């Protein structure tokens, strides 16, 4: 298949996958917004489309005309270089355009992008590399929003006492996890960041060196059963376990926080609210929906710590390559890397040495958020398959819990 | 037609009128909530139904079973005597039940109420008077929510930069108002409050006496043209015209307030956002969407004042009866009483001497709100016909503007 | 003694009394501010002086020069007609001028006012009546601040875990109150508001008529023992007893409110923080430091209500004159009128019919606060003797508790 | 002089220096608190004393009795291991104990510490090393508060429209700075963190290795003149220069931020509020009172960046040792390291690899703040002489501006 054929079919697949996420939902479900940090499903459907319209069509389409002039502001997330933005906290008030019109919007932009792809593939397609680069970015961007569609919807449904289920089928049982083992790494000068031809976001570059002291990392994530031990040992009541800011965060709402988000006790038994509705807590499952503060406190209680992002990346890369000296040759790799939960690292989100954001508005994609956030590595059970990689840097503020955020322990050797 | 026949047909008419209000709207439109004080259309549809289910069926239906157990909490507005309430600020997050299920809810309760009405009309209908009284209250309650459906929806649409129109047809032009004239009243001991057989809310009772000094009232409401004069004379910039709390209110948001709600300037011309969408401001139309603070400031600027609710009621009753001594026999009545805008009075909302709320949860309907609110009298262009009367007491906090609130001047003689 | 002699000696006495209130206090005590509604003692000392400087000297002193140009803004409370005001919430940050300089300020202005009084008393003193009127107003104003000095200081000391005492001497025991009796009044058309030559504030005028239904009032205030019964009967936990806004107010802070301000339990026994420090709660003493919401809830629980201000004034005037028809000639007067606690009435603070504030900035004294506040009548144990009278209208928002606010029951007959 | 003699005289010197800072101030000045992050001078005087009482006397004094039982809570800053703390935001309300009593407190604790020092120096002084370590920590702690006394007082005085001066004498003119030059460093594996016998805080340990890419650092700090250029070039109006959170921070108050803290324009000329009162802005002086956001935005505008803390420390250590390869032998050292302003680094405050806080409450000194703060290096004109060093890690949240915070540029090579 030709390059444009590949791009075309991938584009169609990504766009279709997004639309399919909305299928089990009513128009009302798609319009609700439960907090400023979360957006309505409909907004995600429109914003990902706006991204292609604004960063691809507006630049490459010969006689570009916007689908609707008001959408430029309505569906601009945070690009000051593009112009004004509709207030983020009010996205749930945008009942018009309705879902029907947003679907039309998607179809219109899809058709126009597909035309561009076909033209670019022709011998006259001089702009092809830059065009393809931006379409690729748009697809990766859309995959990020596919995960957000699910996490934001779950947060919305959490506010509904009916505890609706997004997925009608029963929740699959967690497989019993293997016993937790410590994997050791020698450290030294290691190379970090993306290399090679594949796609990456600008924040994964440039590749650079870093010095690591010897360390060990847990072979798997902390489980619900282990986290419950922490709770039952009074973890939420002992200030010595918490960062000062975390201790204050526990008490910052109308009710003190004393368990992960989405956990609730019913008749004495712990349950967890999921996309399958409310479910009995599965002890073997990885603990999810933890803030950085909670992950840090648990680690301190367990006499361990969070890994740095460099340690995490090095461990994953070493594991894959089987280069982890000092381990027996048949050591199992580190588990639950991409398929379970994003893993908090101790690293504040910052530019790599020599980092340069792209020119223009697209440069606002990542760089301007590099303060007061923490890096998460890996991927989760709601991350699109093949979206993540060892160098991928996810990031959220320390209090964020509505993502699938879990915890892998580390310690210095 | 028999009494039960009358009640039945009125019940059906009121319920149908509510449902018809939602017809031009999408399910999304019906789910949005723009502020804590306003509720989604769907919530209004469900809550008015909940009112009949809770206060009528639960009491009178022999084998009562709730339509859905969770609705008791979800659609309870503020009746502590019934139990917990879903947080008011989060009503826009209730995407389930969806509109379809709420329509089923309405139909189910309607059928059951209608059965009760027919039974009550039978010779065995011993509970008829109390049953009829509560159904009547439910219908009056529903008419109040019919008005709120429109005002809350307008507030929601105001947050949408597309400025959607609820009514597709063009806005009818305002008829030129008659010249404003002062109508004089002698005062003395007057009787206020409801009397007779017709329905009234408990806050209109008991009928009692009050002493009034001589006063005059304006024959019509203040117009947009007149209010613009106040604005152009610097009314919003002169603290001497404002109550201290009103002056602070003007500056309490991110932008200082300098015009009524829903007014905006486009290309130098004033426009008003209405249920017909954005419209050029009609100079002859009554000024709407004023807070108590604005009404009070305008009146001070105009060397007048707001009428007390007693003055307003006496004037309206006198007018109707043609008993307004000292006026020529052919004096035109006071205009724009029920059909244009609710009219702020200077009266803080308080119980009449001897007022007693009903026993039980239904007693929470009116009485518990009698603090820090101001009485509005009359009715508006979105009040259901025949819903209001001379003794009707509407009430809102001094800063409220999203209702159809206007201003009639008064002065002491 | 001549009129000017009288004025002079009264002026000196009032000013001296204010200064004496600060004598038991350190400079630090005089500078602290515990909330926006309360002001530092030093600010009161300076502001009352500013009042004479601004409203008397600036107008009547031939070659007026301000004591310090910055004081015009620093010590202006809320007079927009005078100009800008230093932010009320930051008064505790004004460590300069220090107490020494504020005492100099007082002495300077005192000497200049005294000179004016002597000149005005001369045959050339043409401006005498207006001058005397404003000096009288300044003295009355200063007496209001004498009470605020004590209430604001008590609120400041309440934040200090050392529970400091302002008065070193022991708290005098409350005399056992007489048994509570209901006094009946016929109502009818009554006259209200100030009349005669004595001083009054503009809000007590004009004298006007009002119609009252028959009513009864309690012979004394509700006691601590009685209020404790309400608490022990679950008064703070039963929403049916509270105004909706009051019920929300109970839960508006970080801890729910469940007793009057300044009450605390130590070793199971109730104590009250007073200007004598922390004291065991005296059962016979009038319950103090109640909000309007609490007074209203207690009254509802006691199957009574708050009196209107008209009922209160009529009862007090009738009592004094012995004109209370239908009572035996030897009926004891209503007790605890001026010497115990300000008494919440059910009346929202509003202008009397025909009320006109004074022209100019001085007109901001009372009128601009006539919204969302409730009238208190009587006087308290920290009100300067002879400051209050039957027509006096004190006013505070419904949630205010740091004044000496108590409760007298009323009911309709 | 013996060791104990040295310790004794240093202890006396540090304690005296703190007391002397309060000498130009009135008792009122010492009690005011302008924001939660700043504390009253009196609180600093008491808290530093509390530190010695709690962490030294309570542990080493044979028959320890607290000076005042209530001080344990009143003057505990944030040590949960010690117990409850008086609310930080209310420290300005603690008018009792007064300054006199706090001075007595200081003298009492001083005498008792001095006795301990003398005993420890005796042959029986077995506990001497740990005792001396804690006294040393207490002195270093007190020096930190000496700086805070001045910065917190300046912030308090900034709220006073009289713009009081702490230092009566005129502000010394800034010497013209040398021309800014870029100093280059090769990077590679460098060692960071404290080594040797001298005192350091636990957060400067353990010494460890880090890999640095080649970089350059500015020879001096950014000046006021340079910062004004940024402002005049529209730096505060261009979102492309700001972190997203910084751009929001500029607009988070009632007025948008458009200049450093303490800057104000008078008659068109820029002034800066200082401890010498309001002064014309000195163009040659280092720009002070910048937030991390402002420092970062300036650096981006100047096509540079902030140094990491590792880069900063390595540059300072290299410079001191003259080991900066590639620079001419007569290169001037990096200037304005310790005597002008703390210098924002790009490094989020985090534990060094292998960091372990001390056991017990004293372990709360530094470690629990290692989240969402940024490291500042160097020292300022109000840092006590000899208090800082190359490995010293100061830290504040990104929005903090009331410290003497400036900016040294860096760039990658």
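As written, the chain order gives the labels A, B, C and D, with residue 1 at the start of each chain.
One rule holds for everything that comes next: a residue touches a chain if its C-beta (ideal position, glycine included) is under 8 Å from a C-beta of that chain, and two chains touch if they have at least 3 such contacts.
Worth saying up front: this structure is predicted, and the values here are computed from it rather than measured.
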{"item": "Any chain in contact with chain A as well as chain B", "value": "none"}
{"item": "Chain centre separation (chain B, chain C; CA means) in Å", "value": "37"}
{"item": "CA centroid of chain C to CA centroid of chain D, Å", "value": "47"}
{"item": "Distance from the mean Cα position of chain C to that of chain A, given in whole angstrom", "value": "59"}
{"item": "Multi-partner residues of chain A (at least 2 other chains)", "value": "none"}
{"item": "Full enumeration of touching chain pairs", "value": "A-B, A-D, B-C, C-D"}
{"item": "Touching residues (chain side chain A, partner chain B) in the complex", "value": "26-32, 34, 42, 70, 73-74, 86, 90, 92-99, 156-157, 159-162, 164"}
{"item": "Touch list for chain D against partner chain A, complex", "value": "78, 80-81, 189, 208-211, 213, 239-240, 242-247, 292-293, 296, 346-348, 350-351, 353-354, 364, 368-372, 398, 412"}
